[in-house]
Amino acid sequence: MSAKIPALVVDRVSPKAKQALDLVAKFVEEECIPADPVLEAQIGSGESRWDHHPPIVDELKAKARKLGLWNMFLPKGHYKESPGYTNLEYGLMAEWLGKSRVASEAVNCAAPDTGNMEVLAKYGNEAQKAKWLKPLMEGEIRSAFLMTEPDVASSDATNIQLSMKREGNEYVLNGSKWWSSGAGDPRCSVYIVMGKSDASHKDPYQQQSVIIVPANTPGITIHRMLSVYGYDDAPHGHGHISFKNVRVPASNMVLGEGRGFEIIQGRLGPGRIHHAMRTIGAAERALEWMLMRINDPSKTPFKKQLREHGVILEWVAKSRIEIDAARLIVLNAAVKMDDLGPKATLKEIAEAKVLVPQTALTVIDRAVQAFGGAGVSQDTPLANMWAQIRTLRLADGPDEVHLQQLGRNENKRGKEVTQKIVGQKQKTEQLLKQHSVKKYEPGMNIKARM
Amino acid sequence: MSAKIPALVVDRVSPKAKQALDLVAKFVEEECIPADPVLEAQIGSGESRWDHHPPIVDELKAKARKLGLWNMFLPKGHYKESPGYTNLEYGLMAEWLGKSRVASEAVNCAAPDTGNMEVLAKYGNEAQKAKWLKPLMEGEIRSAFLMTEPDVASSDATNIQLSMKREGNEYVLNGSKWWSSGAGDPRCSVYIVMGKSDASHKDPYQQQSVIIVPANTPGITIHRMLSVYGYDDAPHGHGHISFKNVRVPASNMVLGEGRGFEIIQGRLGPGRIHHAMRTIGAAERALEWMLMRINDPSKTPFKKQLREHGVILEWVAKSRIEIDAARLIVLNAAVKMDDLGPKATLKEIAEAKVLVPQTALTVIDRAVQAFGGAGVSQDTPLANMWAQIRTLRLADGPDEVHLQQLGRNENKRGKEVTQKIVGQKQKTEQLLKQHSVKKYEPGMNIKARM
Amino acid sequence: MSAKIPALVVDRVSPKAKQALDLVAKFVEEECIPADPVLEAQIGSGESRWDHHPPIVDELKAKARKLGLWNMFLPKGHYKESPGYTNLEYGLMAEWLGKSRVASEAVNCAAPDTGNMEVLAKYGNEAQKAKWLKPLMEGEIRSAFLMTEPDVASSDATNIQLSMKREGNEYVLNGSKWWSSGAGDPRCSVYIVMGKSDASHKDPYQQQSVIIVPANTPGITIHRMLSVYGYDDAPHGHGHISFKNVRVPASNMVLGEGRGFEIIQGRLGPGRIHHAMRTIGAAERALEWMLMRINDPSKTPFKKQLREHGVILEWVAKSRIEIDAARLIVLNAAVKMDDLGPKATLKEIAEAKVLVPQTALTVIDRAVQAFGGAGVSQDTPLANMWAQIRTLRLADGPDEVHLQQLGRNENKRGKEVTQKIVGQKQKTEQLLKQHSVKKYEPGMNIKARM
Amino acid sequence: MSAKIPALVVDRVSPKAKQALDLVAKFVEEECIPADPVLEAQIGSGESRWDHHPPIVDELKAKARKLGLWNMFLPKGHYKESPGYTNLEYGLMAEWLGKSRVASEAVNCAAPDTGNMEVLAKYGNEAQKAKWLKPLMEGEIRSAFLMTEPDVASSDATNIQLSMKREGNEYVLNGSKWWSSGAGDPRCSVYIVMGKSDASHKDPYQQQSVIIVPANTPGITIHRMLSVYGYDDAPHGHGHISFKNVRVPASNMVLGEGRGFEIIQGRLGPGRIHHAMRTIGAAERALEWMLMRINDPSKTPFKKQLREHGVILEWVAKSRIEIDAARLIVLNAAVKMDDLGPKATLKEIAEAKVLVPQTALTVIDRAVQAFGGAGVSQDTPLANMWAQIRTLRLADGPDEVHLQQLGRNENKRGKEVTQKIVGQKQKTEQLLKQHSVKKYEPGMNIKARM
């Protein structure tokens, strides 16, 4: 909430945003977190997990809208549909949303809809907006983003091969996608699909396009949902879907053929900050559960409460430091994005993308360890959180890809720093001469052994 | 297999054991691993996961018995029922068993039956053996070990509070247990139960007893099964069970009232080595899957196979080193247990208990990362392996308890090493005098600033 | 320099401070770093390392004063002697100072003088200020802070036992100190000494006092200087000093008898931020040297430059992330200290105290590894930097003490979060009833095995 | 000593070796460790550190010879000069030698002489043996091995470029070497030099030769000694040496022109095991000092001894586990080398080369941290040990080179394991058909959203 905003950014948060932040915090803690197990119970078991919409979500959505908490993710100034928060301000809210499973959807800020709405708002034409953006922003439908493919290394997006062939006024799509998150939801009515429209284009970054595909278009088969560790994430789900001669009106093409890379790059920046801040929230919640456990008077191995045992308070302290550092890294990216836009913020976003999930996994795993058996089970939110966040080290490119890019980027300074250091050494030589001194070196008077 | 036995122990493995090891390896790789998904398919979905016995298990058991692979876990010489392998020899076999989900049961070496059979073979009387040990050793029934409780910190076993009250020729049991692994299996007909028979005994290590409880005794309720990172582990399961006035014949008491600690301590040593060696096998299998992935010619992000990318071969190399070191730690414990018995081997067992799961988790997580999305999903064995092994950092006492004990044990040398070092310093002073030299200290001639 | 100020704080840096920051950066890179080996050469070898003052320091001091770079450490508003920079602003400058050995002294911002000047400015009376603060602020003399003792665990300052007994108008001091950094310098003319003035005071936090002791007072013996991984740090040095009936005028007592704790606590906050920011600067310099090395065309093991090898760019990237996160942690502490004072900032300072040295050591060690043999030798600044910074994990209290305090502090939320979570669980139960749903649990329909 | 030999190898140690091991242990603890500070005192300060031989060494050598402890490193059976110990047996002794600075030299088992003696014993002709091997084995002279060069990336030995040109009956050497360890010693009379004798040979592994160079040959200049962190390692030293038209008789060529690689590969295997076992010894000694410190009754921060504080016993326990695992890795390599020779043991040696120094550095750094200021200073052996062992991560190739080789080697199994796993998957498909079951997949009945 607003009282906990780090010193470093508190001046940059508007009174309106502070108010909204307090509302979000209260809504999450008092309404959403208690509702999470109700959501799970309403989802049910077995096959029925995939065939209905749990009513608690709509109740919460109604409450949220009444509170004015709706679509806060849409960045200020970029879109007329935005409620007017900066990336920093929404980032602070997203931390709270990340503490609850249902919260993001309740305020219509859930992935992948957020990214898809940004794509449509930023790149869609008016007809596309009217047909798809409007119901998404109203929370009437949901959507999926179909990019990753099972048969190639799609962490390098140039490898994506679902084919999109123009035939008259239509595009014909053939291929397979997986990790199509959200595709399990019965309300998921539209897919934003990335595919190869011109395999022979000499620029590999212009071979790909993004097109809008209604989920009920003939030729689409949902084969199954992928599990995450043992969780199926129903009804949302992570779809494995095939396209066989799927025909889509050419007017569904977003921005124009060959502009797929342009679109996905614009899509990823803010989304990564949202993910990162939600992840910070999850880590904070894990720390809170851990604090509860280590102070539980009924759990006293060897006659001491857990908090009195060896390493436990050190785990708490390290978690505190690591979360605080990770949060500042994300907020710094958010502020820079607010000031200079996503392109200028690539480094900072990549830093957050890599640092935050690893931090949160470490914190959550400590909490699991403090809980013992309960930690890995359904009796705490910890195991599920861990599994969800573990995927963030892979989603939108594995850590290693981002580290390579960061490394290459930093290494561009190589020539400049070399020249600087060489210059400094030359200056040293001049100074040594000028002052008539010589560097002392051990053994410099030995000369040779005779 | 026998060709891969580490140099350090190869001389200590009998020809018979080498032959059995080769058979185990072949059986696991060619029969069990391919059968694992069949087992999962036969278990099915929804409620039915808990109500039947998958037939593939019995097919494999028949094959294994024909090959002479049965009950190899029972240590040589300790029990007349033993097939005659040392802990070292069975340890080498257990590594292979750990690569497959079904393998341990197929050769009747699955936990918790192994520990329970050891308890009955070591501490049971003839009647108990005839009634329970025999069918377990024949693989006709299964069993569970009920020790952990939900309401106390049972990592300190003195906290266990399920009450066992003698009334006439019966004990009456009241209380709750959880993490009763195997209790979900419809064939699980007997529980070995730890509980408090004399809460007022002045020695807290004599308050607990172990008693045999038929699973169908009235008053027992199985409430649910605990999940492990989303996996239910059906039909085996991890039961949450309550006892309400459960009456058991007094003749079911094992070894005698108040001897519970003696029994569980004897039970844990070899079991920890089994777990550790199976875990090594899982880590080896994860490494193999990783090797498959990084050499997959269809997965070429940024025009290179994964094996050509940055850190991947370093992950492979580190995994190789870490697995090899962890294996030697376990084998050293097994050899010492063979030579000097479990009591003399507490340190070595604790070392294995702590080191091996952490090593395997690291290796498996690298493999997950190399696979990307497939790594966390049902399409590789990795995510499930990781979840299973994560529990080993908690089961039979969390790492931290074992580290504290190891630390305290090592610290017993404190006085002795202090005396030695003090003596060495005195000798140095004598020598300095004797040789008329003085230690040079920087700045020793400054004396004071005037 | 000012162009590199993180987005998060750039608005809080005044134009004057930006200008000064640019001057500092230029002065360090162009004057100080080239002068560092000259300083070392002027210090010389053998005994003479302790007996003279290297003239390059005074040349640089003259240049710095001309540039207006002098005493920037003294926080704005707190002292009339301050040049008017905030902790944030000086922190940004200190990062640059940390890149050079001589820089801090050249701008009269070197420890331990900075802390000692703060003590005198904050707690000294006018006579004390005139006699000691003035020449220190003019850079005419140097000082040492004598707190740590060889014979006790002085990380807990209540253990400090150098005795201060009042006799008439004097205090008589007896005892030993070590790690008296700066005491080797021939210009070091004054010691700020912590000792026990009233061992029988019932409040252990009022037993200690701080007194000013001229370095040439009879009874003081400098026994030797302690080395740091082989470095003697001459002529500065880390003194091991004894006091035998050292008599000091009672008017030298700072603030009053028994107020030692109050003084040292006020002293440590800003100093820790200075240390931390200098350490960030050292890490940045190590990264620059590493970039030079990995792009050196003459160093091509296995036909590739180092930057093309496996893990090297990942080391660069991780170093970038870790340094950036650590810097934000320090800046956040600086800002909070500016806004709310040191007492409100204890948590943030402790976070910086723990995180920054560990981060820098990791980065520097990677650079050492990239350099091979040159990295551990006198041919790069890396080994010396590493050794200096390694002491920061011990100085002003070892990491573990700070982690315990942070942990205890965070744990104070234990009760509050427990209540919150318990409340959330109760709300869940209400909601489940209200919506007439029941949590699904695996195996919940088994009931019992019959 | 013999009572502490790990269970895994105790059967492979001969009674004679056990006896020698006990003698070594006693000699190191009672004679060598107390003599280490005497050695340092006799070395003295300033320039004189390089000009004389400390007499304590010769006293100890005399004692050692009397005890029969001499040249134990020379492996059994390989050379007639060997005292007859296996690599395993000498490895166990080397652990003790590693606890003291002077011990290895006292028993004539000090690097680089050991490797040089092996080269001469294995590859030298009779004349070379008579002239150089004999006095080395008698401990009359010392030697250096000149391989690493300052101007190239000599971790890839094909880059070595000191030129050796045949002119008549002589070779003429030109070039530079550094990290020529031992070259500072006034008794160092011979260099074993690696250089390029045929830069145009098409096989880069036949361009290099190894030649014997008397240290007093004209044209050799010792420029200086390299420091390790702040230690100069006098009088041994790490020389930076140049060769200008240095003329050596052609009969000094070892084994023949172009056979340099063959020689250095034979040289490195056992040497790495020696280094590794000495490093284990250093780690054990660090752990002993740590045990002394944490039980020191005069060091009680916050009213508790260090051993009672938070993480300390966990540090002890982890150190115990890590040292034990690392030792087993080395002993496994030693046993395999004994059984199958160095070529078959490349993997095991590389594992030891990488794992052991990192382990020891971790253990020593924990001990430093436990000691506080004393840990980094001259008052404990810890800081010096750390610095020495830090170089082992670079010497004989940095960790990263060995990890790459290990990774590549392990990756050779890629094809084989892929075929195995593919085969297992095919078998699974057959079994599923045969048993008429289908894998259950979550969401498999969704098909498509209409």
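All chains are identified by letter, namely A, B, C and D, in their written order; residue positions are counted from 1 within each chain.
Here is the rule we go by: a contact is a pair of C-beta atoms (placed from the backbone, for glycine too) under 8 Å apart; a residue touches a chain by one contact, two chains touch by 3 or more.
Fair warning: this is a prediction, and the values are worked out from it, not measured in the lab.
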Farthest chain (mean CA position) relative to subunit D: A
Of B-D and C-D, whichever chain pair has more C-beta contact pairs: B-D
Subunit C and subunit D, separation of their C-alpha mean positions in angstrom: 37
Between subunit C and subunit B, distance of the C-alpha-averaged centres to the nearest whole Å: 46
Shared interface positions of subunit A, touching two or more other chains: 45, 47, 226-227, 232, 310-311, 313-314, 378, 400, 403-404, 441
Residues on subunit B engaged by subunit A in the complex (per definition of touch): 45-47, 148, 150-153, 155-156, 159, 178-179, 226-232, 238, 298-302, 306, 309-311, 368-369, 372-379, 383-384, 386-387, 390-391, 393-395, 398-401, 403-404
Subunit B residues within the subunit C interface of the complex: 47, 49-50, 183-184, 186, 188-189, 215-216, 220-225, 227, 232, 234, 237, 239, 310-311, 313-314, 441-450
Complex contact set, residues of subunit A against subunit C: 6-9, 11-12, 29-30, 33-38, 40-42, 44-45, 55-56, 287-289, 291-292, 294-296, 307, 312-318, 320-321, 324-326, 328-329, 331-332, 335-336, 339-340, 347-348, 351, 354-355, 378, 400, 402-408, 410-411, 413-415, 417-418, 420-421, 424-425, 427-428, 430-432, 435, 437-441
